[in-house]
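Below you'll find a set of structures to go through.
Two complexes follow with chain A in common, the first pairing it with chain B and the second with chain C.
Coming up: the complex of A and B.
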């Protein structure tokens, strides 16, 4: 693509410079003996009314066609950018007036304005260039205004204003440099449309006047005899399209280069297991009828700009019917991707592999695509973190609540509505049918999350995955949402995988806690044991970092030294070893496996430190007092 | 609780719809005023003497003076403007400098043909580009089918770069003259609509296809589409109910801006096909230097564009009521 663009542009430049020199004389030489000739070998495009060679005229017209277009674009861009950038530096009222002026000017199509002004300025190249410059200025002004408004909102502009910088300095030093790139892109594209518009003006008789000529005029003259001889009309048309496309491609190339800096590389290689770990994972564990979900050795590979990262590296977990399991870990530990992989909702490009994946007692490998979709639709539901964006803004709440049951269970509309009303009552939302008729933007965040929970329980699924459902809400609403989830678990026997970074909330609400670090589960233990019985060094540091009301204010808050591990997952050994106070030599070389430690307690550590950490003891002491 | 609340902090004296309609109407009136004044000013600001230009260099001076008096060009500008407005209100657009016929007659005879052409082309653009763009986005999202994406991008960028009048000339040469499939010029029944509509609609279709695709890709990446995907709805329902409405409201804003450009674009295309519309009348008058007709054409086309803009804004507000609250 890039090569083609450069070749096209290069040929245009060469033709523009050489055209007039090489063919200028031939193009002007009239031959009364050969007027209006059809194409021959001597005149590949034929001749015009005065017997002049049309091919020579076409090539010689490159310069007079391109130069005015570029000139008009630059003039228009200069005027428009100045006008648009002014809106960013003048005061509120003047800025609003300027904005209104730009909107007013934009209401008129550029071509119509150009025709009007070209007629006003008098037909001719100069008039057409000026007319076109004026006509394309408002477009530039609007784009500059939009871009500059983004810059004007930034902190450094506020700082520059506080420093009392003069307006023109503000404009030249702070606004324009930050928006130069998109403006240049836009100028390139506009040059192409200017060329077309100028040709159009010449075509109408408002632009270049004979005896001068450009492509538009040649097209117009060719069109007069198109019924007998199409080539003299088609050739200038091809020239216009060629130049217009060259400018357009240049714009695309620039835009593509800008976008490519941010775009990730797709995963080309099939995601092979980087290290053979199958023997470490106990896939021989008997499938339990009681288990809603069993996943073994789940891995996720995600393509990014810096290569493939592996945010989930061998997660093994199981949920029993009606069990509420917390999955905790810091940001980037892979909790959300684990959830999305289980729900088969990974973003485009991401690849998941697993050693075993059983859901509702069926091996997912044994299901066809359709069966799996149906099983996931009826057996699993998700509640997402941000209730503000989890609902389709253009659909009514009622539609979004009932569409799944109607699609998968074939429930009639009226019955589905009754079910939805029952669910809304259960999540303590008043309003009934009126609420079903409303749209998402009419509800508050807490209301929306309740609706999301009602929606998730419509199917009475075996498993609800709640991905940080309370993070975006305030504390009182958080508690209500937790109560709702607990009630649904109790009433329907639904298992809940509750994902959070709030270890206190998880310890309070869940039966069991899985602690995730660097894409693996490092500890799995009953929630009541979390405070006092955690054995993995990371879990204990996490527990210790939670401030409570009894914490002495003089003591600094605990934090975990160091940063999260390398997401590419290339480093061997325990992912936590460089932050771990208890590390051994072995930890840097070999990765520990999740191994049973006590009843319902598993830990992935070569030498788990003894129980009874200081934090838990202090809590016990507080309790005794 | 579940009712539409006005923007917090804003004085909730008027309903947002009232504010919205008033603002749009005010903008329409101001821009119409600009068009009327511009068309009034045109014939009077043109360098040289338009009357002499129209009548010819060798016209006798007393004829030129009589014609100037007839048009009221010998009086002061404010006086002329005061006369001009009421005449305009009665639908009097003056007389042609060349033929002496009333311009209003010409407009009445030719405007419907132009509007029909623009509306047909606009309809074609919507019918092809809206579903086409959504389909293209669904096929190529997340870097799937890179070849299809390349073909799509290349085709649409070339088509978007083809100016309508050049395409019109090419279509005439190819389909009407060389292959003789379709009539080349004039309004001779339904078949003669094909080429002008095609010439007008092709480039905007390519532009809109790209916009719809980009908007759809944006929607496909949102949280609520992921939430809808979790419901595993049938593919048709998922795309039609969850993806399309949000992608299309954004795209329709762009599409609405295409219609005025289409009306303006008819000027060039009508010239190629000798279409009996207002655009070809304007093109002929430019050559004949009949500025009374050019002035009226600018006025009529400009006002149509503004009116269409206004209607498009209202239609978009009805489609997406949130935009009313946001914009006011």
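Coming up: the complex of A and C.
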């Protein structure tokens, strides 16, 4: 398509530049002996009433047809963009007035305004261009206003205001560069419409006046004898359509190029297993009947704009019935993608491979797609980080709470509503049926998250995956949510995989903690041991970096030097080795495997440093009290 | 109450125009942040702490009250007024991803800020940018990168550098650590404290993370529904909170150290009231664990605002029935886990309704 567009545009440019030079004379030469001729070989489109060759006139009219259209668009765009962008940098009242003005101008149909103004300015090319510019300005102003409003609300604009930058600087430096791309697309497309509109004005006699001529005027003149001789009317029409389509295609091409810049490369290579041997050992362990979920050697590959990354590289975990397991890690550690892979919710293009994936006692690999979705829908539920976007804002709470049981269990409506009411009572939300009739935006964040938990436990699932469910909430609400999750775990025997970056919260709430780093689990230990008994250097540094209300205030906080590991996962060795204070030569070459260290305690480290570091001793003593 | 230097707020009131009429987001807040010290401002979402920050830097217009910086009052809404204020007060935003213009390199962002009030030639500007990057512990190689090529922690350091480029007398840090990972968070907190020691600006540190606030602040103020309910020196407030709201807030903070989870500290009942129609009297009374709902006869809470009685003492709590200073702080109690590993011995009846 790009080639076609470029060929069409190129031909237009060549015609516009060369047309008047090559055919200008022929187009103006009157031949009284050949008036109103039908198409012949000498005159492929025939002649007009003065005997001038119509093909020559058509080709010579390219420049006078295109130039006014482009000029009108640019003038209109300049005026409209200025008006619209001003709304982002002026203060409240002026911005509202400008907005009202734009809305008012938009209320008039553009073509009618153009005709009215063209008549007012006087017939002629100049008048038509001005009229069209004024007519298309409000459209540009509105688009610019909408785009600029998005920029005006950002923090970097607020920061620029706090710096006291002057308005023209705000406009030129911060607003316009961000909206330039869509505006350029829009201008290109508008040029096509302007050409059509301008030809329309000429056709109506409001634009170009004889003896000048453009495509619109040629069309108008040809129309007089369209029934006897269609070609003199059809040819200018084709020229107009050709040019308009060329502009539209250019717009499409620019839009496509802009979109391609942002689009990631797909995963085309097979997901490689660099060191499968070490993990296979663990995959062969006998499956325990008590386990709700067993995952072995989970790997995820994700395409991004900078190439394929491997955010999860061999995760093995198992959850027993009624167990609450915390999955802790920093951003980019792969904890959320692990959860999404388990729930079969990976984003498009991502690929997951498993050594083993057993859920509720069945091997999910052996199930068909439909059975698998059904098993996940009835046996697993998710609670997401942002309660504001976890619900469909246009549906009532009741509909969203009951749809899963009604769809999968075939529960009648009345019974489903009763179950929903019971769940709402359990999450301590008052209001009963009134709440079921409300819509998500009527609830606070904490209430919404409680509804999300009620919704998750409607199916009495074997496993709830809670992905940062309290991160967007206040501490007091956070505590309510944690208490709720614990209650559901205790009452229903539901296993909970609790994903969080908040190591203190996880230590406080969970039975067991899995620490993730660089796409692998580096340590698995009982939660009470986290504060003092962690053995992996990363876990220890993480613990030391958490400010604690109970610790000495002047006790310095430790931070972990260096950056996160390479997301492409190409480097060999332990992912933490370049930041690790205890590293050995071996660490850079060979990746350690999660191996047992004590009861319920596994570490992936070649030489785990001894427990109870000096700064943890005080806490250790207190924990033993 | 003002010491003349640093930031001082007198009865600052800020109103928004909500869809259902005006909302008083900040209601008569007086606060003093002396030069070279940090005041932590704590509160839950909707308490008005971010609105207060925006009001101080002039992004939200004051409805009543005065704000002075180094003893001078800054008001007016013209660009010139804003520039005078911008030279004195700078704000660091919560989310480093959006606080920097994604199309400007670090150098351009810093140059814009450094050149906002003083004209710099090319050489002195490059020097200044190098100095700023050094100040926040970034490599000069970062200067020509775009924000998306930096990590979250590095972006936040650039945002701090941009704010400090104008050499402000007051720095406002609005939830600067909440979007960062723990390991990076610690480094940023330490850096802020360090910078303050070296540059001597007054800092208003707004956060909902009490542990972080404790780490950097000299004094702490607790906000609830647009008002400051308790203010005191950091250690005094956090180890001996006197206002019941502060106590519930503190008791809800999770701790790494198992078994520390307090029990018997009542959870807050109900939801935060609608700020468009706040409760009469003490704003906390409908949810208060020591208020009229749980202790009959304390009707005064519903009638009289305790705000006025609380002025003039070093540890001020806006409460008619504050906890004594000798009451044990909530986090010191020890509760053994029960059979399920559940350390909350509460029954369903205790749940908030």
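Rule of thumb we're sticking to: the second predicted complex is superposed on the first by the 507 of 625 C-alpha atoms of A that agree within 3 Å, B and C clash if a C-alpha of one lies under 4 Å from a C-alpha of the other, contacts with A are read in each partner's own complex, and residues count from 1 in each chain.
The rule is short, and it goes like this: a contact is a pair of C-beta atoms (placed from the backbone, for glycine too) under 8 Å apart; a residue touches a chain by one contact, two chains touch by 3 or more.
Since we're looking at a predicted model, the values are computed, not measured.
When the two structures are aligned on the shared chain, A:584 is found in touch with neither chain B nor chain C. Once the two complexes are overlaid on the shared chain, A:9 sits clear of chain B and of chain C alike. By the touch criterion defined above, A:475 reaches chain C but does not reach chain B. Legend: residue contacts after superposition of the two complexes on their common chain; A:70 is shown touching neither chain B nor chain C. Look at A:347: by the touch rule set out above, it reaches chain B but stays clear of chain C. In the superposition on chain A, A:248 makes contact with chain B only, while chain C stays out of contact range. In the superposition on chain A, A:374 makes contact with chain B only, while chain C stays out of contact range.
When the shared chain is aligned, chain C comes close enough to touch A:486, but chain B does not. Put simply, chain A uses residues 447 to touch chain B in one complex and chain C in the other.
For chain B in complex with chain A, the residues that touch the partner chain are 1-4, 27, 30-31, 34-35, 38, 42, 45-48, 141-144, 153-154, 157-158, 160-163, 165-167, 169-170, 172-174, 177-178, 184, 222-234, 237, 241-242, 245-246, 249, 260-261, 263-265, 267-268, 271-272, 282-283, 286-287, 291, 294, 298, 301-302, 305-306, 309, 320, 322.
Only residues 1, 103-104, 107-109, 111-112, 115-116, 119-123, 192, 196, 199-200, 203-206, 219, 222-223, 226-227, 230-231, 233-234, 237, 240-241, 244-245, 247-249, 252, 266, 343, 345, 347-349, 373-374, 376-377, 380-382, 384, 386, 389-395, 399-400, 403-404, 407-408, 431, 434-435, 438, 441-443, 447, 452 of chain A touch chain B when the two sit together in their complex. Those residues of chain A whose C-beta lies close enough to touch chain C in the complex are 91, 154-156, 158-167, 173-174, 177-178, 330-331, 428, 430, 444-447, 474-480, 482-483, 486-487, 490, 501-505, 507-509, 511, 527-528, 530-531, 541-543, 545-550, 553, 556-560, 563-564, 619, 622-623, 625. Chain C makes touch with chain A in their complex at residues 44-45, 54, 57-59, 77, 79, 82-87, 89-91, 93-95, 98-104, 112-113, 116-117, 151-152, 159, 162-163, 166, 181-187, 189-190, 208-212, 214-215, 234-235, 238, 248-250, 252-261, 267-268, 271-272, 331, 334, 340-342, 344, 346, 348, 351-353.
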